[in-house]
Amino acid sequence: MTRPLWPYSLAGLILFFGLWQGAVSAGLVSALVLPSPLEVIARIWEMSTRPFAGFLLQEHLLSSFLRFLGGFALAALIGVPVGLMMGRFRLFEEIFTPLFESYRYVAPLAWVPFAALWFGTGIGGPIMVIFTGAFAPCVVNAYRGASMVEQHLIEAAQTHGAGEFRIAREVLLPGALPSIVAGLRVAAGLGWQSLIGAELIVVSSGIGYVMVQGQSNLSPPTVMAAMVMIGLVGLAIDYALRFAETRVTAKWGAA
Amino acid sequence: MSEIRFEAVTKSFPRGGSAFTAIDGVDFHVRDKEFISVVGPSGCGKTTLMRMVAGLETPSSGAVRVEGVVVRGPGPDRAVVFQQFALFPWKTVRENIVFGMRSKRASRAERDAAVARYLKLMKMEGTEDSYPHQLSGGMQQRVAIARSYALDPGVLLMDEPFGALDAQTRTIMQEELVRLSRVNPRTVVFITHSVEEAVYLADRVVVMGRNPGRIREVIDVAPVREAENWTDAAIDDVMEMPSFTHLRGQVWRLLREEMGDDK
Amino acid sequence: MRLQAYGKRIQCVRGGKFVLQAARGQAAWGRAAFDRRTTIGIATIASLIVLWFLLTSATGIVDPNRFPSPPQFVAALVQIATTGYAGGTLIEQVLQSLRLVASGFAVAVAVGVPLGFAMGYDRRIEAFVNPVFLLLRPIPPLAWIPLAIVWLGLSDASKILVIFVAAFVPSVINTFTGVRNVDRTLIEAGRVHGANRRRMIGEVYLPGALPMIFTGLRLSLQASWTTLVAAELVGAFLGLGRVLSTAYRDINTAMILVAMVTIAIAGALSTMLLAAVERRAIRWRAP
């Protein structure tokens, strides 16, 4: 009989939170450096009922999330078609690959200065940074998905009189969809993280800005409260896309 | 004396809350240096039976004994040849062949001698430093067989070793195995789907039935083989001998009765 | 059969280019195809540079405060390489960033790979570590920057900490997956041929997981660079991110571009170095 494993999981969690809470309670680390888990939760409650840095916690989160949606949608709407065309047309692939490969090595956050100079630090700049973070996985996975669509399916469509647009919509896109959705998940994670980076650097609103404020007030509870919320929103985004992924995979087979 | 004894062996697996009986009360004795083929419809538990001898599964009740000792886990006295070859892709032919020998702390000279000997026997000289992916399927399986023989085990367990090979390679491998067991006799348990292969190779053919898995009948081939002198004839000729076709028909009828449940 | 499938799976992990060729069934890279590829690649980059020149120096359509012209770019490059910018010459800035990336990456790999390996090898260790890991994982590495600054200030240590956090996760996950996905038959083959635990780990699990471990290292390295840039942008006294933020404040677009190009080249070179190590370490792989 195999032994159940949950006691180990429980032990791990107890050890983690126990050490954390214990270290704080025993005064091993100053509460100014590391707040206890309970303090962090209390701080989240406080910030969601009283404005901090001008707004309530949920309002900061919402403004970050809307920026994220904008940049992510833009990356998907441009990246996926580009990837599909790379998979479909050899010349396009050969032209785009060197550009894309050079682009890929530029860390997304390195675009922050240009993004701020070109589009400002309000909406446009952050959206561009999210875009640069999320663009690559959209392209790569659409391209990979389109390349894995079997050639004879495309030929079958051609011999039945389908034009390029119909091939794209009725053969390439559905065939590549599982791979695309998997790419969107990766893109969302990177985009969300790029936004946090942008907000830390140049933007003066949003959840990243809350962290900057917490940092300059030397308030670890504020910083950690924001970290928890960033993690939760990131998790929610990932769950939504994972749901989409299982639906698509169930319908069309594995990526 | 590498004999195998199955004593009232039963094996069940948990499946969706209830237990599924793969093997039900198998009693059987494999004699030392005997070549046993096991055939049966899929799901009859023949692979499970072999894995219990290997020590990769434990019986739910009853016992498997090798040389009188109850099997409790894998051991170098019982080597396995897998259907998927299971060569280590990151090891060369030489390193694969000596893998088991190193467990037994064989000396450098012994290892070199074994590699040379088996590659010669398999007509594969010069491939010592190749990696598995550079070899054909038949050559890979030869290396896997050499790896098991080099371990010098009392018992050799083969789980459809030629199942993944094409028809011609398969025939060549069957002849080579006969040759090998003649110069190097071992106690062999050989699982197969192919009735021809089972009858051609074995001293005795065990026909298994399913639902639950059990031994249906055991057919003695060795006396016929010796009387008709199969070992000296080419495999194609053997398969046309009336003595062979008679035995093959006998096994086939038993199998067909077992598969009749499907209809 | 299984071995071939194994090779295919690795190729899939290795990125689009390989998959495309496999999918189209092109016989490797024919020499003609390679030359065509290179030619088109060079032509693309060349036309881009010409276009850049046309839009900036030649016509002045693009404002230099938005994007620099090629001569401005070269001038900025010369300036930072000789007299220096934002507290150091180009080589000093690069070495500073490289040092931080190397330290954070090395610590992350040194801790992450063994941890992932242990989790893959023993389900009890996985059960012990996983819930905490799952709890911390959704927090993007960049969100650790403010906390690292509160704890360690704008020191090198605070950046190494953040790079560690970023590089740690892919190392753990991919090593874990690699160990868990070692072909079961190979594990059984090792056991029935009498390998003890030490040999099983060293000769079966480790080489079996190695391709995935390298995938993890590649992702870790990429994450290290991304995080370094962000951490240095948020606050640093030296390094490529510092060059970027100073150039941004000065609205020196030429220097921004120099920093971006340098970051890309440094990232590309370190990735190539890792790929060379990988090729040496996994010579047995089917082409």
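A few notes on this one:
Going by the order they are written in, the chains are A, B and C; count residues from 1 in each one.
Going forward, a contact is a pair of C-beta atoms (placed from the backbone, for glycine too) under 8 Å apart; a residue touches a chain by one contact, two chains touch by 3 or more.
Keep in mind that what you see is a predicted model, and the values were worked out from it rather than measured.
In this assembly, the chain whose C-alpha centre lies farthest from chain A is B.
Top contact pair of chains, counted by C-beta pairs, is A-C.
Chain C has the Cα centre that lies closest to the mean of all protein Cα atoms in view. Centre-to-centre spacing of chain B and chain C amounts to 48 Å, using the average Cα coordinate of each chain.
Here the spacing of chain A and chain C, counted between their Cα centres, is 18 Å.
Taking the mean of the C-alpha atoms as each chain's centre, chain A and chain B sit 53 Å apart. Residues 5-6, 8-9, 11-13, 16, 33, 87, 91, 93-95, 97-99, 102, 105-114, 116-118, 140, 143-144, 147-148, 150-151, 189, 192-194, 196-197, 200-201, 208, 211-212, 214-215, 218, 220, 223-224, 226-228, 230-232, 234-235, 238 of chain A are the ones touching chain C in the complex. Only residues 54-56, 74-76, 78-80, 82, 84-91, 99-100, 102-104, 131-133, 137, 140, 147-148, 151, 164 of chain B touch chain C when the two sit together in their complex. Taken together, the chain C residues at the contact with chain A in this complex read 15-17, 19-20, 23-24, 36-37, 40-41, 44-45, 48, 65-67, 123-132, 135-136, 138-147, 149-151, 225-226, 228-230, 233-234, 241, 244-245, 247-248, 251, 253, 256, 259-260, 263-265, 267-268, 271.
Those residues of chain C that touch chain B in the shared complex are 1-4, 6-7, 183, 185-186, 188-196, 199, 203-204, 207-208, 210, 282, 284-286.
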